[in-house]
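Right after this note come the structures.
Presented sequentially are two complexes of chain A, the first with chain B as partner and the second with chain C.
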Partner chain A sequence: MSLFSVKLMQSVIVFFALLSFASLANRPEFEVELKNHLFYPAEIEIPANTKVKLVIYNRDTTPEEFDSFDLNREKVIFPQKKSVIFIGPLPPGRYKFFGEFNPNSAQGTIIVVPKKSVADTNIETLALVYTAPLAANSLLLKEVLHVN
Partner chain B sequence: MNFLIFKKLTRFSFLLLILSAFSALTCQVALADGVVVDKVYHPYVLPNEQEFEWRMLSHQNDAGNSLGQRIAYGKSITDNVMIEFYIVGERDKDGDFGLSAYEVETRWMMTDQGEYWADWGLSLEVEKVHELDIWEVTTGLLFEKEFGRDSLALNAFLIYESGSDIKNEFETEFRLQYRYRWLPQVQPAIEIYIGQDYTGIGPTFMGIQRFDGQKQLKWELGFITGLNGDDKDHILRASIEYEF
Partner chain C sequence: MLINTVILFLRDALPIFVISIILISMLQQQGIKLRWYYLALLTSVMLSLILLNTMDEIAHTLDDTGREWLYACLYIVCYFVSLLLLSQIAIVKRPLSVRKLTLVRLCSVALTVIVMTLNGANFLIYITGFWHQNNASNALVAGVTLGVGICASIAVLLYFLMAFIERYCRLIREALLIVFSVGLLMKATKLLIQIDVLPGNRLLWDSNYLIMENSELGQLFTVFFGYDATPTLLQLLLYISAIVIAFTLIFVCSTLSKSTRTIVSHKEMV
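Then we have the complex of A and B:
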């Protein structure tokens, strides 16, 4: 093997490795539960053209295998454990999935919608939404206590 | 619209870049003495999985026809490592079909599917030729990248052959598969195999039929044409894999 080939091989591998392992920060996360061989929720909306992390909790006492030809994913979820499945980036559309061990009951759909339509699950936004009224209530309570 | 065209062009350029990089890589290296065409591996392993596999390869060239078959049993030993045992049979020059080699193979799924920009795996194979002192140790880098409903799989192998019945040497092999996931049962693909004295390309069809639980049947059928200047150089490859 020539020196050129070795160097080229190294460069190609390093290039792909760097590209592959580049951190894709701030991946939106969605949670799904598997109970009595049913997915909750059975329909999950995710933003288009975005890689998302789907965390599936298997509350059953038997293993399940998440399977989807549409999503090109297959993953075993052990009983009473959680499993992470990375999905996307995908164009808008409906992508079906099912549990291989209970295909008649364990069924679900990933609905990929344009970004603006997705319920905002960003933690900072959620924090603002929930803490602002709490803070306001707290101030109001203080004022009431102060007056009395 | 312009953005879509740009995206398609970028993807095409990217594929060309990969193809040219791997072609350049193989133009000065030696190929394994055996047939390069075999199977393009994917870097995925599922826990609790067992499989039986049968592969057939019929090579027709100016020298005649040669036939190789292998049967295998594989089992995942951890969440991301699978081990597979092969028995290889070949038809010899007298036309007799018999045992020719044994092989142990392990595959390690290094990254979760879809976790990063591409998926990576490693393979390690040790093969011993029957009744001859010929050993072959192969390490392979397995790569797969999704482009919507298309998947590109690349395998790069570094092989070391040793033993008193063969010249000790390093060799390399490259395999590429570009697959369109049309239907579970029918997925057309183009495959390229590159090594010393051999470059082959051809269409392949594959599919999967699911049964109860983890039971499923995978099939592959490919027709690879050698581009080495021989008048006739065709390989028909087939494989059936039963997972349970």
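Then we have the complex of A and C:
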């Protein structure tokens, strides 16, 4: 094998190793179960603009194919086994999914909800900072009045 | 269950019929007999059965992403095999050497076997999973029969359509093979996005309101040129690059072939 081919192979291996690091990243995890050709829960809420990991358990004795045209995903889940797919980042909205082998019964929706905005978080923190001393003061005042 | 079987059969079997017709027609043009196809058919059936029995284990390797890795890698291989095949079949009509003919046969067998095995195993998972359910076998047999009829009709139409269009556009078979293999490449990217290997950022557009991806027309477009109603920027760039690379290769090979012929004929004259 020539030096060029060895280098090429090494580059390909490194490229795929780097790519696979993406899947090692921690993603928020959500679970859904398939029982009697029905999804439980039928509605799953996930945060907007975030890539999430969806673990699908098939509790039935027949295979099923998780399919969604809205999410652009399809994956076979073998009987009594689990499967993993990644979805998102998505804008807020409702995204339908179904079981390709039992499309009439196995149906569900992924609801993408907006994340709590940064501004809201800051306001909550400020509110806590200012209200805590006020509450302490009022307690002190009550105690003083009670003593008097 | 009958309608569902027909739809699933079309989804999995139509690519097999399309690639078979493109390759059979392409190789017939080069004077290659059909023996390679029988070999590919037999190998595919055996490999599909093996894959069906091992798919469960494969799917659970690599942190439950084994099936995606296998399918994506083989679809990428299909694209490169198509490029190799196109580079061997010269656009200028002339008899191919024995070595080139063997390579053309090998590429065709590899392409057919990969597409047939992967799609065949997909459909067998459905058939074997539901065969023993109450009254399912009748619906399954009827669905498969209807599906075979539809696919065979499309295949025959495609064969004669290619022969007809060839009068006006000589590159029709090559062009069809390119878009088909680029479609497989798109499937590979879709699978790699699904397992978080490629970034699946915001979708560029949603053309489901024009052609629904799950409609009959959508399925047909997906098979023929990898139609995706909701592509990402990466997928679009890859799609365009793959098509440009393939057509450039054809152009370069035909130019080289022409220049070689001119040199040879000039030497003969001298």
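Everything that follows uses one rule, which is that the second predicted complex is superposed on the first by the 92 of 148 C-alpha atoms of A that agree within 3 Å, B and C clash if a C-alpha of one lies under 4 Å from a C-alpha of the other, contacts with A are read in each partner's own complex, and residues count from 1 in each chain.
Operating definition for what follows: contacts are C-beta pairs under 8 Å (C-beta built on N, C-alpha and C of every residue); 3 or more make two chains touch, one makes a residue touch a chain.
All values reported here derive from a predicted model rather than from experimental measurement.
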{"item": "Partner chain in contact with A:Tyr40 - chain B first, chain C second, else both or neither", "value": "neither"}
{"item": "Which of chain B and chain C A:Val84 touches, first, second, both or neither", "value": "both"}
{"item": "First, second, both or neither for A:Lys51, with chain B first and chain C second", "value": "both"}
{"item": "First, second, both or neither for A:Phe69, with chain B first and chain C second", "value": "both"}
{"item": "Common interface residues of chain A - those touching chain B in one complex and chain C in the other", "value": "19-20, 22, 51, 63, 65, 69, 72-73, 75-76, 78, 84-86, 88, 91, 100-101"}
{"item": "Complex interface listing, chain A residues touching chain C", "value": "19-20, 22-23, 25, 27, 51, 53, 62-63, 65, 69, 72-73, 75-76, 78-79, 81-86, 88-89, 91, 100-101, 103"}
{"item": "Residue numbers on chain A that touch chain B, as the complex places them", "value": "1-2, 4-5, 8-9, 12-13, 16-17, 19-22, 24, 51, 63, 65, 67, 69, 72-76, 78, 84-88, 91, 100-101"}
{"item": "Partner chain A, residues of chain B touching it in the complex", "value": "21-22, 24-30, 44, 46-48, 79, 111-118, 120, 141, 143, 146, 148, 151, 156, 170, 172, 181, 184, 210, 213-214"}
{"item": "List of chain C residues in touch with chain A within their complex", "value": "4, 8, 55-56, 59-60, 63-65, 67-68, 122, 125-126, 129-130, 133, 190, 192-203, 208, 212-214, 228-230"}
